[in-house]
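What follows is chain A paired twice: with chain B in the first complex and chain C in the second.
Coming up: the complex of A and B.
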């Protein structure tokens, strides 16, 4: 494909070698470096301005930190002395937290797979269903998990079921967003070939697109499980089961020795999950 | 020419293709490709080679005129009738178009999608005789030992042969190839072109192949179609294409960039 060496060239292009022996001066074609530095400066100033404005309007007074420091010290002293004898009484709530997270993840992730394919332009040729699913998912994602939990505690009742439903919606929001974007970015060659071989969009998406995103899907599933463990510790604060309900109870009675044990357990759980997820991810994603 | 009774004739009747941006891909193209031919389509980039090939399986819709492939009329063909046509026409792409993260065998089985029930596709339960067909196709392109390897692990030439196996699994009447060797080095290009030549000669499948390089086109095509600015400027045997024919296709005389092997082209 390469041009033959100039010596052998006898074709119409042979007369171009005139400047070959000239001193290598900067060619007039060399572009001037674009000036973009002032743009970065403006961006930094704007962001700093927004931050300052936010701090002022939200009425943050750093002096409060010093004024109420005495209380904080007392609480902190209790917090660094966890009462390990309380451990057996936390086991039920701990187990419930893990169960809620696992069930919520399983259901949310299973539902998110078909919805993700509907929510990507790369896999859904139908504009109407694409727009409807995108809109509904945006609405679902706009509501925070804690708000879902308090709504379902009111509607379904206090307990783990409310927590699970809240987690499912929370997971749907995250998974559909991440996976549909992964689909948008995947190479569509296999899909084109599958369509050219007479497959329907559903078949082509299943056969050619699913394998391309399955490592991302598994990896995000583990991430969502991690988020759910964290979230399900908090959901109990509004009555949706798990460790959070225990936190709420001991906090109300100012039992900070107990509270610190619960926090310690959450920490251990999250670290264990982090190790597990990096191990599994290392094996799946290449 | 070894004609199969069920092989399809391709007929273009004053076909025009205008893209949504106003670009005219094909202008008044009329030609007939007989079953069992091996046609090489040549021209500069933008001359309409890809458009010509991609209209035959409806990947590019025609604006005006009519294309007949066997008993199918392509104008306005949609839905299940279009998929039926596509199942009879195999296609090979410049960038191989494999699903890279799944196995070679799964890629070849995509050639069976049209004949596979949706539920089977969804759960991945391919029929045993389809798997057998896919394995045979892999044997034909001599890459069956890679059947369970991920497609991404294969070299470019091997990937293109998997793509050929995928079209063979379709048991097609026609194979279209859109710049099949443009991403390959010269020796591998010849391996892939010989594979295409073999399926044409041994199975009697019509092959329509776009080529950028004239020497490949003359060597492997029994018929040469030259396109320039969307119009057919040459249609005849490769051997009959002399310097003046190439000038009419390329608008200039031949240079080293128009041939794959860097030795000069011998013009008959």
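Coming up: the complex of A and C.
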């Protein structure tokens, strides 16, 4: 790639810079196209390469789909005919799903508030605890909720408790990240004033920073509740209570009439929470 | 977002003396209700209180078994399983992109009539509401327990979010270029290609990558219900209580997820800002210049869910389900 530019442009945007110089040199009318085509080509090749590797690794077999097509059609037909008489039997699991989500959110959110203050430079002057909390939270966030649940189910037993513990960890990861970032962005004038007036960091954070983030905190709490409802519907697949356990049960017996009813319930629950959450969050902002 | 600023009526009241506390009947009512709901959940949930008392001890015990020390001899096998999971996530995401991209064009306002737009949007909404694992459960019972099935489930699961982010980004594009392309006599396709795509491209690419990060997590989960990969290995070892191997697997999951997030974050950063920088480094470097709105990190710029490019800070409590996407986006962003 030759660059006619007399000015040695380096770094990002070098391609465009070269293009602009070329305009001056070559034609006053039409800008010369910056030569970035080879970059796109490399990117496309890399992506195609990875995709090919992935396809080989997971043994992609479209013929398999065709072979099982009839199966899929049968399942679909059963799925669109939910068996509503099954509804009373799902109520317990449905209730447990909601209970797990509410408890998980309550505990998780309560624990996350102090941790968020520890995990923000703006509110925690102590570098060590800041790093430790952030690191631990990053690790916690990297593990998906169902993985937690499957471990807890074996460790502390099948049922709602495992699900709740898994949800609490899941919530901690999300809340601490969101709230500590909110704290990073807050106007620190009040805190400075409180510190200058002789308050301790704890007092300054409590008096000046907490009110600043409380709308964000509330709003994120509702958002996390929404996520928890979603998560707690499926936690049962590994035995952690709620609707998921029911899914696991009916899918083992291929009872798709029941399965589709459960899925409808999940849909209704998720969408209802979604609407509630956007309504409440909308009010909090205003 | 400050709560104290801009409250109309405040100065007038303050002028006389001290402002009276506004009555907050609604707030009290809602608080009471929330407390009641939480209490009812605690009271009604089916828990054996004895197991709660034992839980911390048994968790500590198992943590000790897992990490003291983890069984490193299983590491090669664990890495192999992880590669399978990552492959599943990648292939599923690519497939999801291939399917969702044209669909999100169909759902974009101003391109096609509402008759086409709304059904497509409804499909996106339903797909977003069904948890991925449930889709996978359905798929698994059709095509069996293979990694390919897992990839298909990821593909279907990602169509909803990808499609929604797609059309929202296309609609948020500045109208100028579109008008110019239209005025120059461009057809719909040409307007899309030259008026919309150049402006939307960085963001679209960034959230494709972001979606891959989400899929990596999803693929680990899909293994739990039988789709193979690291999740399957984990569930097998958990069931037989081979805790030291479970410890190794957890470490592998955490490390691999973090590495992928960092790499992907780096590429997203490059796409959005034109600079190569590790997200971890970015966090430290730009702390000083960070304003109230921008929380840093490429994921913020990649948050098309929250109404408009660059505004998806995740903390901004944007009304509407869009905020979900924004929140998730920063959930795993630049850290």
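Remarks
The definition used in the following text is that the second predicted complex is superposed on the first by the 219 of 286 C-alpha atoms of A that agree within 3 Å, B and C clash if a C-alpha of one lies under 4 Å from a C-alpha of the other, contacts with A are read in each partner's own complex, and residues count from 1 in each chain.
Just so it is clear, contacts are C-beta pairs under 8 Å (C-beta built on N, C-alpha and C of every residue); 3 or more make two chains touch, one makes a residue touch a chain.
Not measured: the values here are computed from a predicted model.
Once the two complexes are laid over each other on the shared chain, residue contacts for A:208 go to chain B alone; chain C is not touched. Of the two partner chains placed by superposition, chain B and chain C are both touched by A:187. More chain A residues lie in contact with C than with the other chain of the pair chain B and chain C. In the superposed model, A:254 makes contact with chain C only, not with chain B. With both structures placed on the common chain, the touch criterion links A:195 to chain B but leaves chain C unconnected. In the superposition on chain A, A:71 contacts chain C only, with no contact to chain B.
Contacts of chain A with chain B, set against its contacts with chain C after fitting on chain A, overlap at residues 12-13, 187, 211-212, 214-215. Within the complex formed with chain A, the residues of chain C that make contact are 1-4, 37-38, 41-42, 44-48, 51-52, 54-55, 58-59, 62, 83-84, 86-88, 90-91, 94, 126, 129-131, 133-134, 137-138, 141-144, 146-148, 150-152, 217-218, 220-221, 224-225, 231, 234-235, 238-239, 241, 246, 250, 253-254, 257-258, 261, 273-275, 287, 290-295, 313-315, 317-321, 323-324, 327, 330-332, 335.
Of all residues in chain A, those touching chain C in their complex are 12-13, 47, 50-51, 53-55, 57-61, 64-65, 68, 71-72, 75, 79, 95-96, 98-100, 102-103, 106, 121, 134, 138-139, 141-144, 146-147, 150-152, 154-157, 159-161, 164-165, 173-174, 177-179, 181-182, 184-187, 211-212, 214-216, 219-220, 223, 226-227, 230-231, 233-234, 237-238, 241, 244, 247, 251, 254, 259, 263, 266-267, 270-271, 274, 277-278, 281-282, 284-285.
Taken together, the chain A residues at the contact with chain B in this complex read 1-4, 11-13, 187, 189-200, 202-204, 206-209, 211-212, 214-215. Of all residues in chain B, only 57, 59, 83-91, 93, 95-102, 106-107, 109-111, 113-114, 116, 118, 121-122, 163, 166-167, 170, 253, 255-257, 260, 262 touch chain A in the complex they form.
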